[in-house]
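In structure tokens below, several structures.
Each of the next two complexes has chain A plus one more chain, namely chain B in the first and chain C in the second.
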Partner chain A sequence: MSAPLASPPATEAALLWLVLLVPPLLGLLAWRFPPRRMLPVLLAGLPLPLATLWLLPRVAGGAVLEGSWAPGGLQLHWRLDGLAGLLLLLTQLLLLASAAYAVGHRRATELAERAFAGFWPLLGGLAAALGVIWVAADLLTLYAALELMGLTAVGMMLLPGKPEALAAGLRYLLYALVGSLAWLLGVALLLGATGRLDLAGLAADAEAGPVTGIAMALLAAGLLLKAAVFPLHGWLAPVHASAWTQVSALHGALVVKASFFILMQLWQRLVPEAQAAAWLLGALGSLAVLWGGLQAWRASRLKQVVAWSTVGQLGYLMLAFPLLAGTSAAVASLAWQATWLQLAGHALAKAAMFMAAGNLVLSVGQSRLADLAGTSRQLPLSLMTFGLAAVTLMGLPPSAGFTAKWLLLQAAILAGQWPWVIVLVAGTLLTAAYVFRVFRCAFVEEAPRHDFRPLPAGMDLIALLLALAALALGLGAEWPLALLREGGLP
Partner chain B sequence: MSLSGELLPAGLLVLLAAACLLDRRLYRACLSFIAFALVMALAWWRLAAPWLALAEALLGALLTGMALLHGLGRAGSPSPLPPHDHHRRPRHQAAARWLAVLVWLALAGAAVWGVSGSGGLIAPGDGARRPLLAAGLAIMGLGLWAFAHHLHLLRRLLAFNVLGSGVFLLLAGLAGPVVEVQGLILVGLVVALVGSVLGSALLRRLHERDGRVTLGDEPEAGP
Partner chain C sequence: MSGALILLATLGSSLLAAVIIFLLPERAFRARTGLNLGAALIKLGLVAWMVWGLSRGGEYAVEFPVLEGLAFVLRADPLGIMFAGLSSLLWLFTTVYAIGYLEDSPNRKRFFGFFSLCVASTLGISLAGNLFTFLVFYELLTLSTYPLVAHRGTAKALAAGKVYLRFTLTAGLVLMIGMVALHALAGDIRFGQREILAEFGPERRPLLVGLFWVLIAGFGVKAALVPLHGWLPRAMVAPAPVSALLHAVAVVKAGAFGIVRLVYDVYGIELSDALGLLNGLVAVASVTILYGSLRALAQQELKPRLAYSTVSQVSYIVLGIGLFGPLGTIAALSHLLHQGLMKITLFFCAGNYAEELGIHRIDELDGAGRRMPLTSLAFTVGALGMIGLPPVVGFLSKWYLGTGAIQAGLPWVIAVLVASSLLNAAYFLPILARLWFRPGPDHGVGAWPEERRLGRLETHAWLLVPAVVTALFSLMAGVLAGMPFSPLEWATGVANAEYLP
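Up next is the complex of A and B:
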């Protein structure tokens, strides 16, 4: 049991909840009056990251804002630490980028008015769900937010309304629903064994034993299914094939990461010392890196390359489990920082890459890699953005991907866990292979002339800004790492 | 509440779940599901959770039932689905699915045994909840098997709903009808409803567009 806590300053708590609950309202507003230009969207959304930036110094140095509320006798808890604050900021920036991109996408293509209007409330719901996931500190809130996130994500994937989108979306829906039942069963076991749902209390009360282990296994199975971790990734690539670019960007950047975040939170509290299980997760992650890279290299369509690369890059995150289980404090600290930096860098880079790929596909009008011939001349900006995003994914300096993989490498060597070193090297080579395959297709000169469709300048600019942000995160990694070093590890 | 008084609804639930999942006639299967949800509501009522009973009757039986019937094309819409399910899963896919189902069930059974055997049940009168636990496990097993085995999408939606109800029963059986459990089940009911509505609507659209009622090639093994 934790000591009774001083309630957080009212201003901070109120601001946090305002930041979490405003996006759905904005979404409803935009549903009624779909925006036509990027500027109003940016102006409406900009106060949110600014408010989070104001909150961040208040959770620096290991400080935590936390509190609870009790609707109808239920005790629900929330806490904002440095990690949650950073993820909240990242989420808001990516949602803003996606919203602005959606407006440009609407201008560049002929979309059904109703589908475009329907995008906004779903976006608002997704924003609220992600925000609540970062700050929730009990299993009931997490369950509700996880389900809201899953359902809004499925809804967004269905918006294009094509038959392939419907079938892929339905498969995603079925898997997500069964994943959440596995989660609920795990929660049932924990609640039956300890009689409580708050994370702090569970960490204190749950005894290491078969029941906690099985509950964690069920929770992990549900979350891994939702996070598309190998071998439960089958639904991911088809779902991206026909989704809108801004939706794919959000999904690859944030939605799958949220499940990983919850898994990490629970793992650190319930079974931090379970080495065999942690090595199993690490092995799954390694297979994901290799299999995702291979499939990305073999894929014939540009969006499939990017989608499979998500499967691979998620694998790096799973390496954190063995590096955190029963290792020295130095190793754990390195692995902890590396994981979240990798998550943030990959989120920015993957959103940029999906948008750059979407721009290329939209301009060319074809989605196969072979149809990219001649784009190096005609669409240099989109291609450069793709390349900049790939720098982060490959882990070349000075990107966030480089810093993260460097830290991971150090942690693995320091802990003497050599298999992960091989995985890191092999993953980098595979990433380079599929990225250069895209470039080889784009630099073919003797190609039949396409008519390249002009796109609004903002669409390229947003993608470029995100790719540059991923690079800048590598150069200025000291600020987020300082926040992570002191806060977060439960 | 006496033990024998709980055995009857628990047994009825298992029977109705089996009827719902084994029937190849889809309309009858949907009706069985509605009856199943109503008995679930009765079980919540007997557990002294009247609000949950109301939510189950409203969300589980009425709205989810309507959504499923609408997906079938019975609730007043043209181009109904064929009333029979003729699809059979190819044999070579069976092994991995059986394995997944058995692993899930074995884990859940062992853990339920661990929790209830160690005297960890909190509220008094937990003897009366034993039938709920047994029924929950049986229904979950049926639901899992059906979800992994059936190809027809409406039957998979039914299986998901039954599986969810089995998990709810386990939840209530393990922790008693405390307010946390009611909150979790309420969220679960809303999610199952939204999932069923979305799934039925998608199934109808798929059927209208190219006449199929399955997902076609299945790239992944079970849950």
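Up next is the complex of A and C:
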């Protein structure tokens, strides 16, 4: 292909691709020489977020780094704007935390050496897949990255090697494949109708009509399945129950969000004005908030509580669709900021919460809520971390969840879309109900004493740092939100 | 030091203390005690410095943007510093009391950590410069008091914690919706920018009225306005210092203070009057005052009686707000302080009776005045103040409320006040009679439920001293009401600033 390419400054582009491609190499290295301490992992991973931090000012003020390349007759596009840069930074930080946690987890439990070594290349692959998803600007690259993400995620789920992990992992694989099939059909329809696959071109060429509508519906169905949005969430909770903590943390924090991110990108470009469909997505999100909250409230095991809470919290993100469709610019801007702030806050808090819950379960040796009695005295730090993460999930101040809820409420009130106000209220109360149920169990004083297994201090510390980051993002939201505002909606 | 730095140091002192306490091991008793008292003293000193600085025209403010068009604002104004002064003064006494009260009990680290977090939130509430900042600390207060209410970990304590959360979290959400709607309507209103809402045209008036009542419903839960008061009596299972905290220092006060801010600094008293909001407030407050007193009369145990008495007394503040005119405002603001002083004394004393003698029921108090004379004297001062006898400060509150009612043209409010005072007398005087005039175990009649000899004095010194000192403060604030920096003088200054253009 010979289309003239807008060429970004070479240094920036090279650095970006370096940042995207180094993690798999690090993963392979760690496969060969599995790390035994946290420090080397942190030192090896730290340059990546630093590089992204260096890139971020270059996409401030609405600037965009973009380009394309043409391997074997295909035209592939990429694009780094403020949103993608922020998500890249978030991803790198969470992957780093998860990697360091994995080392501690390995020290605290007896894991098979081979399974532990296998974690690292999968982690590297997941990092690359997520990075590419944030910057990809055509459907083909997105498809490849989405598949890579799904496969690495399934691989990680299978690592524990237990029968229930295998069953849950394979079910996840099945769901993911069905999702991919729907996605491919949608892509084929779009390709047939417009003859192109790059997002910018599709936005320009796709005409509102039945073909675009059906294609978008197929794409959305596939993505909603992968994002575990109600009612397609059935695979999520079992997967988390049996997976390793660091894997659950990554999955709940990032993997399901990636599908949501793609959906939002496509929706805004192909059918930004489809109000009825957007309201349908909002309604699904509302049901997710309610159902996820109820199930988390009823769950008897700690990790199940956290997993169901993911289903509920994803529902908040879906409220963005009706608030963006056909509303005033002010409302759309508020909803746009709220969505990504909520996503980031939830990612940090959910990773922290999974890790804190994992620490509690590991230390107590039991996974039922009732077995948590006495933890408030024995494991105050893990419980405190769980609580701090829960503050974000409940949307109480000072936290990213609170600031995002403020924005969402403001958008809903300004737009006069009152149902979402009720959903936010109900979701908050449900979240408080299941969170404080955990605390009531932990505060019980008269209980049989367990033996509490001591854990490496780093495991608690990583979780605590993530939870504090979610809190700090609440009052320190202006910097990332300014980047988002300047970037504008796609 | 610059103004912003002092402000942040005041807030940070207890925040930092909380963090360090959480990091210290459970057995580090001395370090924790030192840290608690040190932080409380430093905070009191910094607030005193700001009081002095403000009276000389100093400026203490710090802010940064959180969202587009919304800032996190901390600012010390006379009203806020008044509340900050109250809470940091009472905090010192509560800390002393709590250290004595919780001697040898488990989970002290958790208790004192959240205790410090609680005072940080209260300070944040008093220094908040707009509704957003206020809400941040208001919710933080809810979160940090929950572990204190549920502290004992018994089924009853956990159930009380559950009820507490149900009420306060729901109220927090209602408050948040009201604030967001107000923000969507009028933008970021700093406290004191009364002109913003006053300039809205008549077509917006119904909306403003609706939002006002939404916000009052949010504040009303913590302020224990009937019918939103249900959590307060149930939270009585918490340890005595926590009750002092809920009733006198932080929680119900935060609710009442929120209403003060809303009426005086967001809507402005003139707009509130023009919209007819004040009459509603007076009605709600009158009902709450009478209902609380009646329920208090029906209680057979000491702490629940005090709890319902709080329900009734805190509404004096709301009543004062509702009376249009400087006298009502003075009554409201000064009662915010006066009620805190008197009620904390009463709760300290109730805790002392329970700890030293195992007394929980009122009929067990017979003759306790002879066994614990200083505690009983302190209790008497507090009780007489609540009834409104001079020279205890409670008299001043009622005096200004009465004259304020006449100034506002609502003479029937005086009937409410008289009825309430009679009821106060009816539920406090029998207790005093039992304390001083009935023969008890020390006269050779019966036995104390569970007597412990906690110290060489009539009880543990750490328990006795705070009760006596706060009683003395209640007396002095009444006797020396005309001196500069007395609660009444400060409240008068704030009220004048509100009504003079």
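Going forward, the second predicted complex is superposed on the first by the 483 of 490 C-alpha atoms of A that agree within 3 Å, B and C clash if a C-alpha of one lies under 4 Å from a C-alpha of the other, contacts with A are read in each partner's own complex, and residues count from 1 in each chain.
The definition used in the following text is that contacts are C-beta pairs under 8 Å (C-beta built on N, C-alpha and C of every residue); 3 or more make two chains touch, one makes a residue touch a chain.
For clarity, every value in this text was computed on a predicted model and none was experimentally measured.
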*asked:* If we overlay the two complexes on their shared chain A, which of chain B and chain C does A:28 touch? Say first, second, both or neither.
replied: neither
*Using the superposition on chain A described above, determine whether A:204 touches chain B (first), chain C (second), both, or neither.*
neither
*In the overlay, answer first, second, both or neither for which of chain B and chain C A:457 touches.*
neither
*Thinking of the overlay built on chain A, is A:73 touched by chain B (first), by chain C (second), by both, or by neither?*
first
*asked:* Once chain A of both complexes is superposed, is A:396 in touch with chain B (first), chain C (second), both, or neither?
replied: second
*asked:* Is A:384 touching anything from chain B or chain C once the two structures are fitted on A? First, second, both or neither.
replied: second
*chain A residues touched by each partner, larger count belonging to chain B or chain C*: B
_Between chain B and chain C, whom does A:53 touch in the aligned arrangement: first, second, both, or neither?_
neither
*Partner chain in contact with A:215 - chain B first, chain C second, else both or neither*: first
*Complex contact set, residues of chain A against chain B*: 72-74, 140, 143-144, 147, 151, 154-155, 158, 163, 166-167, 169-171, 173-175, 177-182, 184-185, 187-189, 191-193, 195-197, 209-211, 214-215, 217-218, 221, 225, 231-232, 234-235, 238
*Which chain A residues qualify as touching chain C in the complex?*
337, 376-377, 380, 384, 391, 394, 396-398, 402-403, 405-407, 409-410, 413-414, 421, 425, 428-429, 432, 436, 439-440, 443-446, 474-478, 481, 485
*Within the complex, which stretch of chain C touches chain A?*
22, 64-68, 70, 72, 106-107, 109-110, 132, 135-137, 139-140, 142-143, 146-147, 150, 152-154, 158, 161-162, 165, 169-170, 172-173, 176-177, 180-181, 183-184
_Applying the document's contact rule, which stretches of chain B touch chain A when the two form their complex?_
104, 107-108, 110-112, 114-116, 118, 120-122, 140, 147, 153, 156, 160, 163-164, 167, 170-171, 174-175, 178-181, 183-184, 187-188, 191-192, 194-195, 198-199, 202-203, 205-206, 209-210, 215-216, 219-220, 223
